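Common to both upcoming complexes is chain A, partnered first by chain B, then by chain C.
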Partner chain A sequence: MLQYAFQRVLLALAIVFVAISALFTIMITLPGDPTTVLLGPRATPELRAAFRANMGLDDPVLVQIANFWGRVLTGDLGMDYNRNRPVAEAVFSALPHTMALVFGAIFWSASLGILLGAFSADNRNSWLDRVTGVISVGFIAAPSFVVALYSLLLFSVTLRWFPTIGAGEPGDILSRLYHLALPSFAIGLAWVGYVARIVRASMLETLGENYIRTARAFGLPRRTVIYGYALRLAILPAVQVLGVGIGGMLSSAVFAEIVFSRPGLGSLIYDSVSGRNYPVVMGSMLVAIGFFVTCALIADLVNAALDPRHRVKS
Partner chain B sequence: MSFRHTLAGRLMADPMAVVALIIITALVAIAVFADVISPHDHTAMNLADRFAPPSSTYWLGTDNLGRDTFSRLAQGSRIALYVALTAVTISGLIGLVLGMIAGFGPRWLDNLLLFIFDTLRAYPTIILALALAALMPRGLSTVIIVVVITSFAEYGRVVRTQTLSLKNAEFILAERAMGASFGRIVFHHVLPNVLGPFFILAAMNLPVVITIEAGMSFLGIGVPPGTPSWGATLKDGFDYIRNTPWIIIAGGLPLILVTLGFTFLGEALRDQLDPKLRKSR
Partner chain C sequence: MTKTRPSAPFSNVTRRQLMAGAAALSVGAMIPVAAWADGSRLNVRAYLEPDDYDPLDASGFLEELLYGCIYRKLIQYVPGEEWDWQLDLAESIEQTSPTTIEFRLKEGQMWSDGYGEITAEDVKFSMDRHMVEENNSRIKPDLGSFTHVEVTGTYSGIIHLDRPFAPLWTIALPYLAGTVICKEAVEAAGGKITTAVPPAVSGPYRVVEHRLGERWVLERNPEFSGTPADFERVDLIVVVDDSAAEIAKDAGDVDFTSIGAGSVQRLRDNPPAGSRMTVHPALFYHWVGLNVQHPKFEDERVRQAIMHAIDVPSIMQAAFFDVAEPSTGIIAPGLIGHRPETLIPPQADFARARELLDEAGIDRLEINIDVLNNVTHTTAAQVMQAMMAQAGIDLNISVHESGSFWSLGVAADGDRWQDLELTIKRFSMTPDPYYATAWFVSDQIGDWNWEQFSSEEFDRLHDEALSETDPDLRDEMYRRMQDLMEESGGYRFLTHGVTANLFADSIAPATRPDGLPLVQFFRRA
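Right after this comes the complex of A and B.
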């Protein structure tokens, strides 16, 4: 297990390193004056010259990449010249909002999905199972930003049940959760379908295993066998799917943050792109990719820890 | 072989597939005949009829400039189909070639390609789209490039797995023992067997691509301003959500329907083409 974990961590680090280096290379080798690209067209000549010297823009590409990583490792993500603050400050004040959104979405999709999945596996081929099947495919098919727009229209603008704007009062947990509920639901809904189907399929498979038959033969109550034994193993594939799904949820979070006017990584990148604020774009990408790869890694390791067969398979 | 036993025949027996085919046929028909069926010119502004609700004149209402929403959505289906087909074809071909190279190639090449696939999967699509949009001109080719970068790895992975499991299958070994050339093995035996899962993935990916295009256009990093992409229509609706709900409601419908259609088709294809999964539902 330790060796497996070590390999996965190394691979994850290598992926983040290559993914970000590639992006950085595209950015600095772009045709045109990099100071214009990195500082925006409105920068003064003095600022340009200082920036050029400061960033070592005349160095070879490989040296620049090495320097970039050297700075990142000391926690320096560069300067946000448009608003005169360190990029790290901007990114790390946005990250918790996005994390709350993504974990809120996972909460919705896991709780509703596991419930639906376990229920339809338990009542296989009943009409309720069929209805759940169609509904879950329907959920998968709903593009998250359309769901976000529709729920904003229905629950916030028309019914006024939920707020339309912002992330709530700082320090007030209830207000934060109230503002979080609808956007995270909009992101999570698509995954309810996935989780439900995966839980259903793997539960049907698990119910055919020998140890379940043994548990039944020992006279354990049906409910204990299904929800206590089978469900525990059937959740595993869902954990992995959600871990990998965080990449997709990060993309959906961009829409949710813009539709519901919330602060976060997505709206930070969105604003930086319209303002041609490249250091912030780069810093946010680094954190977004790092966050995603870490989550996928954790999902992988949790799976390996819970189900030893997984280690051999991958 | 009677019709009932062909792939098309078996699909026709599956209600989900029939619904899917109806939706997809409607989409293609609307895209092809967009100019004929549009009741209005999709660029014509009628400022007297701004924010009109659905009526017999404007089937799905009008937007902030008094343009007919139905006509704009009909034109938008062309953009959606064009982007989806182009991007899926390009990324599919790249993935097919790289996946087979990974499957047949030496160990180090396989590992290298797998690493590249894994790395590309680490980019959250829309966030990468935003980053690249800051560097590239706004337009459909940027959308296609973003989609290709983020999706060919998925095809590559599927094709690689399939190739690896076929490479040492008994019938291939037998062919090889009889002196079949490498080309014959690849094109006659491996390729046809790889194509099943490949097409399922492609069908499942079409709506994903359509959604990415709409999403990028919604964010203002997709089609140029004024182009009637579904995403651009939704953006108009979002900007004027307090004036009229109709633009958002109408603009979201084609996206949901098309996604539903292609997802159903992908599911039905998988049920039919993958015998292991058939009837196991």
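Right after this comes the complex of A and C.
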């Protein structure tokens, strides 16, 4: 297991390195001087030159990439010269909001999706199974930004149950949860459908296994067999998909953070890309990719821990 | 008579009822109580996050939105329909010669946090620091020919220019560059304001908290020397998307927001309960630019044919939702230099365009237009494409993201600037005509003058108008400059656009004539 974990960590680091270096190269070689967009027309040539020098834009691309990684290895994400603050300050103040959003969405969507999937498999081909199937596919088909806008209109404007904007009062956990409810609902809804379909299919396969038949033959209660034994194995594919799905959720988070005017990595990346604020783009992308790769890694390790066949195969 | 033993309170409540009640209370507790329901809290939308508290780093109106609340100036814009200024920190201010302006401060105007009285030394410090090269001030150009402030007494001083500079009164003193900060506090902070909250403020509000990427929380400044603010707390909330801001206003989470032009007609027809909407002519200017140096457009008749083939009213209808008026130039109504009409009417004249192309010996003309990837400009280009075909002009549209687009005409970014043909652009503007014409002088070719328009008369007038203090003469000069632009065949002016604001009827907002909010003057209705 230790060797497997070590291999996975190495692979994760390689992915982060390649992804960020490629992104850096693409960004730097795009046509246009970022200081033109960043500083606007009023900037004097001297000011633009000072910005270029500060941001290291006059160095060759390879030197810029090497400098970037050199700084990262010392824990420095660079400086946001547009706002005169360290990039790390902006990124790490945004990260908890995005993590709360993504994990909030995963928590509720996985809980409901697993239950729906298990329920469908348990009641295979019943009308309840068919209704659950239609609902699941409907959820999958609904784009998160459409869900976000309509849930805002329904729950915030019409019913006035939830706030439309913001992340809640700092230090007030209830206020934070209250502001998190609608955005996490919006980006999690599609995942209810995904998880339900995956768990259902996996459960049906598992229910046909010999050890389940044996358990039944020994007279174990039906609920214990299904929810105690079969589900434990049936959720493995869902865990794997959720781990990789974090990337998709990060993309949805961009929409959710803009629509719900929440701070977070998504809105930070959006703002910095539009404004060509390279140091912030790189810092936030590094953390976002790192976050994604870590989640995928954890999903792999959890899978390996739950199912030894997985690590043996790997 | 039998007496029954009084039952204990809630003794008839079952365990289930108790749990249900507790759950209901918990849910109730999760819904924040409207602590500011008495109207003492104001939520104003900011479409992006202001950069920081230091005027050296200010780049535009977003910073002014914040600075207006926490800092003061010698003079400020008067809220309303006409561009004018009023005294703020200054008790008197007067142009005593073409290159000197004398001011005297009101006495007893205080800094917060024990930094004492506001003096002429603070004014000198605040303005002079923009001229120091190492400070990299982004708004130094707004100060034009300003050289320094001479302190003549505790409350008095003289602003020195090295030559007359009329825009000082319109875009320097009442705007970002005129912001007065506390010398003692800023020097103690190392010469730059980089603290989490500003060390000293003088405006009606002070900063309590900055939640990165979300909002600035301000509260009433008890040490403000003017009329106390009406609101206990003001939140400047970052809402990037117009639709999200409109929804937030509908839900009561925002009290004042600008809205997209696309919503104006709908809200006029169905105004939301408890809300009001105002529509103001904006200062921006949108135009179709044509590179007059491109070999395709060497013949002036070809340039004029293209101008005649652009139907501005159709663009207004499709891209600006019929709420904006066609513009007559780059200078908006209400400003010195605004022209009453264009030389070529806004309506297209396809027959005339065809006639000019025939005269130039062109049967079919294929041209390219580059636009930014926003809905307004791509729609405008599509309208042009459809309409120009009637005159025998085939228009190819290239859409770019902002970084790529804004480098198209820049010589330092490659050779693309020479191959440019048509572009649609929008420039922001301040309430002085000099700010509009500055981008079209010959020196700006290869930088912001993408039309490569070059006119000795234009350059000379631009230079002279900067120093001209007679408003009538300035007006005439700027009108002539726009005539020259249009005569070149390089410009088809589209519109200044509108600023539409939606706000709760419980507040009395104050805005500049172009609709941008002056939050420091907001009152309860």
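Note that the second predicted complex is superposed on the first by the 274 of 314 C-alpha atoms of A that agree within 3 Å, B and C clash if a C-alpha of one lies under 4 Å from a C-alpha of the other, contacts with A are read in each partner's own complex, and residues count from 1 in each chain.
The rule is short, and it goes like this: a residue touches a chain if its C-beta (ideal position, glycine included) is under 8 Å from a C-beta of that chain, and two chains touch if they have at least 3 such contacts.
Nothing here was measured: the structure is a model prediction, and the numbers come from that model.
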item	value
Touched partner set for A:264, first chain B, second chain C, both or neither	second
First, second, both or neither for A:46, with chain B first and chain C second	second
Partner chain in contact with A:68 - chain B first, chain C second, else both or neither	neither
Which of chain B and chain C A:83 touches, first, second, both or neither	second
First, second, both or neither for A:191, with chain B first and chain C second	neither
Touched partner set for A:288, first chain B, second chain C, both or neither	first
Contacts of A:138 with chain B and chain C, given as first, second, both or neither	first
Touched partner set for A:19, first chain B, second chain C, both or neither	first
First (chain B), second (chain C), both or neither touched by A:248	first
On chain A, the residue positions that both chain B and chain C contact, one per complex	30, 37, 149, 152-153, 157, 258-259, 270, 274, 276
Residues of chain C defined as touching chain A within the complex	29-32, 48-49, 51-52, 54, 57, 59-60, 133, 136-142, 192, 194, 209, 211-215, 237-241, 243-245, 247-248, 250-254, 402-407, 410, 412-414, 416, 427, 439, 448
Contacting residues of chain A [partner chain C, same complex]	30-34, 36-37, 39-44, 46-47, 50, 82-85, 89-90, 93-94, 97, 149, 152-153, 156-157, 160, 163-167, 169-170, 174-175, 177-178, 258-264, 267-268, 270-271, 274, 276
Touch list for chain B against partner chain A, complex	115, 118-128, 130-131, 133-135, 207, 211, 214-215, 218-221, 234, 237-238, 241-242, 245, 248-249, 252, 255-256, 259-260, 263-264, 267, 281
Of all residues in chain A, those that touch chain B in their complex	11, 14-16, 18-19, 22-23, 26-27, 30, 37, 133, 137-138, 140-143, 145-146, 149-150, 152-153, 157-158, 247-248, 250-252, 254-255, 258-259, 265-266, 269-270, 272-274, 276, 278, 281-282, 284-285, 288-289, 292-293
